[in-house]
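In what follows, structures are represented as structure tokens.
Same chain, two partners: subunit A is paired with subunit B first, then with subunit C.
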Partner chain A sequence: MDALREVTARIERLDRVDASARFAFGTSSALASVSGPIEAKLGVEAQSKATLDILVRPLSGIPGITERLLVSNLRNVFTPAIILGAHPRTLIQVVIQNLSPPPPSSNFKNSLFETNPSTTAVMVNAASIAFLQASSLPLTGVIVAVAVGVSLHDGERVILVDPEDSELETLVAGGVFAFLSAQPNAADPNDFSKAKVVWSFWDGTFRPAEVSQAEVLARAAGFKVLRTFYSVIFEGNSPSMELD
Partner chain B sequence: MSDISTFQRLHPRAYLQRFLDEHLRPDGRRPLDCRPLELTTGSISTADGSALVRLGETTIVCGVKAEIAEPDLDAPTRGFIVPNVEISAICAARFKPGPPSEEAQIISEQLNQIIAKSKCLPLDSLCIEPRKAVWTIYIDAVCINYDGNALDATLLAMTTALSNTQLPQARYDDDKKMVLCSRMNKTPLALKTLPTATTFGIFESKHLLVDPTSFEEPLLESTVTVVLCGSEAISVSQVGLGRETSPSGQSSTSLYTECIELAQKRQAEILRAVSQTNL
Partner chain C sequence: MPRPSSPSIPEKEFLVAALQQSLRLDGRSLVALREPLLSFGPELGWVECAMGKTRVLASVEAKMVKPTPDRPYEGTINIHSEFSPMASSEYEQGRTSDEEVTITRMLDKVLRRSDALDKESLCVVAGQRVWSLKLTVQFLSDAGNMLDCACLAGIVALRHFRKPEVEIDGEEVIVHSPDSRAPLPLAIHHTPICFTFALYSYQKLSVTKSKGTSSTTEQQSISTVPSGSFSTHQTFALLDPILLEETLAHGTLSIALNAQGELCVLQKNGGVPLDQSEILRLINIAVERAKEIDQLIERRLKEDWGTRNLEVI
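Presenting the complex of A and B:
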């Protein structure tokens, strides 16, 4: 119940951006690129800090209103993590391409989540690795995100970390927690307890106590994700994401 | 010439901080007080239902229009609900004329999700004849004075307008292949429990402020929104770092609990105001 699906992360080598990375929980996956600091267009230039521009591309079609809502949330997630004042009047551009296939069944209009909340979590994580890899921008910490769901099994509510697409239909509540880990120390697991929740959303019908429980589980899982980040960045390990 | 409003303009943070040091806010409220609420219904005679909501200075007008549409093939009995909010240039200087601002689009999408997930108006209840005709409910809200917390005010305007809505009785005539509506008989919508939203802001990682104004909004580094539907919470979201962490690192948990409790009190106030309006 508190296990993540297979976590895979890889530094990508997109040519025309400063850094790129791919991150996946099982089949939920996303590719992110970071460029910056680069020249800002006159309209978006801010006098005292860098402008953070995030673009989310859906798997098919053009970005719509749901992507816009996601972008505004992601901007709020990454703003406290980047020291924007270090490069005033520049632009930091992040492009996140969603690579998660849509849920297989067609009955999703009945369920709470039309897409797996993990789709959002992998986008945050992919962008986060790209920021670490870019190393051209000073950060205040590393952001990791984990999705959690509450599923109803025979009248019993079970909290699931990183729900699978096949479990979506049973979910009665769920959401995403993003943590900002400011003094990351991969060797000391207790350190992640200081990580702050920088963004969370929780939908469905639930009791307040469940949110606290979910946060504890997400925090434990978030630490595992953070260690994956380190093994990719510092040791160059790219666990089992096949080349394609 | 220097007076208090110059200080407010030049040093908004210090200005707000001075007030909060005295446990007050610039408009005279305590940090956990909401602004007074005023509701009027049925003021737009051309709409099927309407409401005007004033939350302090924030004013939202909302009209409900019903149209007949053909249902989707894979959901033959389900109607449609289309909420939209317009935050135009007339409501505050910082909004520019032209296509809908990002803020308006985001609030529209949030409202859409809240109304869909709360299931306050079951889509099946909008069916006139399966596979042939269903109602489409357009809920259009216009902000005419923006003084912060547009989400809470707009959701309240929309739910009040929905509870004010009367649809003509309609039946599908198989011979004429069209929907016939009664001129005389009107029925209210089959509404279930209405959702209420309460927004909180956190200033300087310390002060929790309920129902922020447009002066306070840009100064808040985090916001928490709680949506309640009856006795259940249906959505809680936190954007930003929240309050300063206690050594145990469990800040957000107690923050949620506190916000949900305050939202429950607010919900009771809102529901009382709504039921008084409908008398």
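Presenting the complex of A and C:
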């Protein structure tokens, strides 16, 4: 129940941005690019801090309401993570391209989610790697996100980490945890226990005890995700996701 | 971000001096393409095309809708192509730049109006149900010539895409999921491919000493101001320009054609005078390249089918 789908990450090296990265849990995938600090237009310039501009683009069609929800979630996740005051009157531009295949419409209509929690999780993770890769902005910590869900198995409620797309329909509750780890140290697992939950969101009916349990499971999974970040940044790309 | 500053004078002069010797900045010949790399996504109809550092992602989605009353036997295809700041910070979401308009129009001409896709084959029940295709093109990186990359990604995505099989039972329309019945390819008449040439035009001057530079005295000096009559001009055409070549170009010529040598679109921007022999020469180059790219597309599609488990028609 605490098994993650295959975690893949890659430093993308897009030419015209400061850093870019791709991250996936199984088939839920996102590509994030970060540019900053760059010149801000007069209208968006803030006197004492950098302006954080996040854009989310769907795979198909033009950005709509779902994308605005994702932008709002991502702003809440990343605003505490970046020391915006260090670069006043500049712009930090984050663009995230959703690369998750659209679920067959039947799956989604019956599920209680407006957006797949995994989508938010992979977007946060892709952007997080891009921020680390850019190395141009002071961060308060590394952010890692994991999606969780509660499903009914023989009448019992079971907590799942990183639910598959096919499981979404059967979930009675679910959400995302984003952890901010200020002293990331992949070698010592205990360090991740000090990571704070910087943001989380829940949908559906749930019991408070379940949330604490889910957080524990998500934290363990979050640590594995953090290790993937390190292997990608320090050792080169993880073997999957190569462009031919 | 405001418009990036224009290239510096040394960059401009270096590019032009190299052109005089038929050299390009990345070492290619004037008529060589950056070899396109096509990679396919997890779903059918999803392809990422990379030409050098320029990257474009195209994906196709289909849904069934009621057709428009004036065309009850035809399906529709809509192309969404919007720039995002991921391609470059100079592009803003929501504000349509000139390049975006040019690319959107060209994509429309090359992929929709060239009748590459048979719209009547998208009809399911005349007057009631037709397939409506949505082709979305996402520009991931602008390192010059996004147009050719986008057209290539678009046509390959259409060729890669499979629509679900539909069964008509009296009045009822049953759409079979790809798991139960193999999905069907779209009816594509021909594969148009676009080739863009960046044009540079310089006035030929008589041999003179270059002012104040260390170049040899025999070198023909060139004025960097493009102007009128072409018989006194030397024109260079660079196939598949990189960003700097595109920015400094005096004009462009885009030719869209298929491997059978049938011209679909010819678009010339910028007002650079070209005489007919030059245009024919460029068309011939495009014909050669189209055959090569067509073979590349066939090969990549075949390789990709080999890696997928589902039965492909």
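Note that the second predicted complex is superposed on the first by the 236 of 244 C-alpha atoms of A that agree within 3 Å, B and C clash if a C-alpha of one lies under 4 Å from a C-alpha of the other, contacts with A are read in each partner's own complex, and residues count from 1 in each chain.
The rule is short, and it goes like this: a contact is a pair of C-beta atoms (placed from the backbone, for glycine too) under 8 Å apart; a residue touches a chain by one contact, two chains touch by 3 or more.
Just so it is clear, the model here is predicted, and its values are computed rather than measured.
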| item | value |
| --- | --- |
| Touching partner for A:200 - first (subunit B), second (subunit C), both, neither | first |
| Which superposed partner A:236 touches (first subunit B, second subunit C, both, neither) | neither |
| Touched partner set for A:76, first subunit B, second subunit C, both or neither | first |
| Contacts of A:97 with subunit B and subunit C, given as first, second, both or neither | second |
| First, second, both or neither for A:59, with subunit B first and subunit C second | second |
| Touched partner set for A:155, first subunit B, second subunit C, both or neither | neither |
| Residues of subunit A at both interfaces, subunit B in one complex, subunit C in the other | none |
| Residue ranges of subunit A touching subunit B (in the complex, touch as defined) | 65-66, 68-69, 72-73, 76-77, 80, 106, 109, 112, 175, 180, 193-208, 211-212, 215 |
| Touch list for subunit B against partner subunit A, complex | 74-75, 102, 105-106, 108-110, 113, 117, 221, 229, 232-242, 245, 248-253, 256-257, 260 |
| Complex interface listing, subunit C residues touching subunit A | 1-2, 37-39, 41-43, 46, 48, 50, 53-55, 57, 59, 61, 80, 82, 84-89, 93, 134, 136, 138, 140-143, 177 |
| Subunit C-touching residues of subunit A, taken from the complex the two chains share | 14-17, 20, 27, 31, 33, 35, 38-41, 55, 57-63, 91, 93, 95, 97, 99, 101-102, 104, 243-244 |
